[in-house]
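Just so it is clear, A, B and C label the chains in written order, and each chain counts residues from 1 on its own.
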Amino acid sequence: MRDVAVIGVGMNKWGELWNDSHRTIWTDAALKAIEDAGVDRVDSMYVGCMSGGLFVGQEHLGAMLADQLGMGPIPGTRVESACASGGLAFRLAYMEVASGMSDIVLASGVEKMTDVDGAAATYALSTAADQEYECFHGITFPGLYAMMARVHMSRYGTTQKQLAEVAAKNHANGSLNPNAQFPMKVTAEQVMNSPAVADPLRLLDCSPITDGAAAAILVPLDKVKEFTKNTPVRIAASAHATDTMALHDRGDIAAIESTARAAEKAYAQAGIGPKDLSFCEVHDCFTISEIMAIEALGLVEKGQGGAAAESGLTALSGKMPVNPSGGLKSKGHPVGATGVAQVYEIVNQLRGNSDKRQIKDAHWALAQNMGGTGASSLVHIFERLS
Amino acid sequence: MDVGIVGYGAYVPRHRIKVEEIAKVWGADAPTYKKGLMLGEKSVPSPDQDVITMSVEAARHALTRSGIDANKIGAIYIGSESHPYAVKPSGTIVADAIGATPNIHCADMEFACKAGTEGMFVAMSLVKAGEMDYALGIGADTSQGAPGDALEYSAAAGAAAFIMGKEKVLAVCEHTHAHMTDTPDFWRREYQHYPRHAGRFTGEPAYFDHVVPCGRGLLEKSGTTPKDFQWAVFHQPNGKFPMRAGKKLGFSTEQMKQGWLAPILGNTYSGSSPMGLSAVLDVAKPGDRIFMVSYGSGSGSDGFIFRVTDEIAKVQKAAPQTREQLEDNPIYIDYGTYAKYRGKIRMLED
Amino acid sequence: MIGSPRSWREKPQRYRYEAGKCSGCSKIFFPPRLVCDACGSKTFETQVLAQTGVVETFTIIEVAPSGFTDEAPYAVGIIKLDDGVKVTAQIADCKPEELKLGDKVRLEFRKVTEDGASGILHYGYKFVLA
């Protein structure tokens, strides 16, 4: 296998993009990544998208978006793993380059979520859970994570305020990110006083409904100089794991086992451990998700995730910054794009391009992206090359 | 051959609304209604409860008491005026849910409030005729009264199920009698949401002129007098009518009290006298005789005489009892919640 | 919109709670599966689930998906049945404030959802406090 590097990334300002369609949002991000990389061609492309069908009635996205990019007849592959679709698209692009099959591969993700109303969007997202044995009973994603949160709170003493502190921290980070959908700062009190969505989760414990896309260009590390003058970022590890589809079939409802498994493989591939990381981008679709993710990644002991944001450990200035981009919480969560946008943040941080939210001397960084209640997880580790 | 009830069960939803709560909305005088109807509150089905769900629960209680395998049941007849589908049987869903399909005969019955005893009557007759070993008759309703109408104070929800058979009979059916005429006292036309009624005409020429002669016919046919019975149950459109009809026939309050559920349950239509019967079976002793007359508008009455056997004591506590369900943990709701639960609020259409 | 075929196919589970018990290791799967994830066996026998259990976790849905918006708020929980199988289902007829982890519940047959005003009604299991 060849070593693979990211040489270009692109994304748009996320939000409710009323003027932009699924195809224009995606094409904009893809063009930005191509421009950033400085390449004049793409050999193959992957698009992560959770539900073009339910959100905009459009499937067959591989072909459609290759066409929109003006790159036909290159192979265009649409990838779906619920909210981990972007992470999985990135992994497949990595595999295609690593295998030697292609040299310049576009990894991307997109979701256009605001063409349907809230109940329809809630339904579309719920298709990431077991339709017949979870969704049939009227459960939602906030509801599933709320059930995880309740067990975490009861078992480890995690508090409502600790959940809220995750949101406050990520909004503080997002306020420094010009691409964030909700760059406003919020206090833990505001989070705790926001309307209930699925008890114990409140509105501000949840990531928003977002339109957006992100893209990255991957090439073999040993050919970087042929294609670009940019400093490459090396993909040190790529790992993927699954778990039971239904939350109720898990041995432990308050843990993300698929992330733990993927992390274990990723650390082994990269030859580092959690202590070596400079920062992480994790899948905080809900405040409780970040808490469980950092536990699964080994950044804190199991059960100690609740205290991490409250104590400042995971703040931008903390010992282990988590979600410097603002995370899904503040930056937004166009589900298929999220995994690739994590790479966008990491590449910019490792290049030293992150302006006010720059983490000093960042060397190793990790991206964790998950689908459903953690039925699938992707973990990627990146290294800055000097 | 002794044919009769080999298993029985009732189901009562937990929600209740008080007469005062309804009267408040319509500017009506609650004490007048409470006195006039002799009832203080009624059961309300939650949005996830209907004739099918209540029938399944009641039938499962009946199966538990009977101790038989559901696949031995040869027929299911559900009597109701509020079957969830206008076209598509309730019976097949109930049969599938209790595990009685596919070797089973199903029919949904409708005869205003008499449909439940009709199902029992036919189920018993088929067993008696030797067509099958067991047959299930169910009376269930989630009846609607038009907002502000007198019926709104009484139209309630509940179900009772009876498995008829000839082995290990709990209550032998000794006699039946029926009395019907065309009397338009209460009806609901196709596509109408709420029923209409003919006011005071529903009393003397309708309810009383069917329940009482049916009861008299039953006494005559069986050669019995009210003294021969420990228990009597009548259809209960309100609290007042059954007591008056019973007294006319010569029954005492003492005989009628146990099966007189309307004051705290309301009128469960097809479930009304069947639920009264299940409440009596919950406490009856071997050898007791039960006198029962139903009523359905349009109009007609079915009468039954049951003799309780030694088997009864073994099963009374085997499943939830009727009054226990009625009295334990009611959830009182306000009129707004009631209106939402009963689909009385005009919603945005898809 | 679930439609007739999907609803009809799930009847053994929704109406009668039929699970598959692995002939190799006795692990119970609900719904039944074709292969056991514990021992790899491909033979199963039908076993009806226990109909009482405890609330392992729960939430109160305030923002409901399409098809459930009229019912919110409502409780959904993961119930650990007495046979060890866990299922997700609504906990009906309860006040949110009275629900606690570890509460004993029993199954009741209820209407779970419906395909709009003119479509099929979908029945199945919910739980109520025991």
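Keep in mind that, in the parts below, a residue touches a chain if its C-beta (ideal position, glycine included) is under 8 Å from a C-beta of that chain, and two chains touch if they have at least 3 such contacts.
Because the structure is predicted, anything quoted here is derived from the model rather than measured.
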item: Shortest chain-hopping distance from chain A out to chain B; value: 2
item: Which two chains share the largest set of C-beta contact pairs; value: A-C
item: Most centrally placed chain - per-chain CA mean versus overall CA mean; value: C
item: Euclidean distance of C-alpha centroids - chain A vs chain B, Å; value: 58
item: Centre-to-centre distance between chain C and chain B (centres being mean Cα positions), rounded to whole Å; value: 30
item: Chain A and chain C, separation of their C-alpha mean positions in angstrom; value: 31
item: Touching two or more other chains - residues of chain B; value: none
item: Contacts with two or more other chains, residues of chain C listed in rising order; value: 71, 90, 112, 126
item: Contacting residues of chain A [partner chain C, same complex]; value: 118-120, 122-123, 126, 130, 132-140, 142-144, 146-148, 150-151, 154, 195-201, 246-249, 253
item: Sites on chain B touched by chain C in the complex; value: 14-15, 46-50, 52-53, 56-57, 60, 84-85, 93, 96-97, 99, 331, 340, 347, 349-350
item: Interface residues, chain C side, partner chain B - complex; value: 11, 15-16, 70-71, 90, 92-93, 95, 108-112, 116-117, 121, 123, 126, 128
item: Residues of chain C that touch chain A when the two form their complex; value: 2, 6, 10, 13, 30-31, 56-69, 71, 74, 76-78, 86-90, 96, 101, 112-113, 122, 124, 126
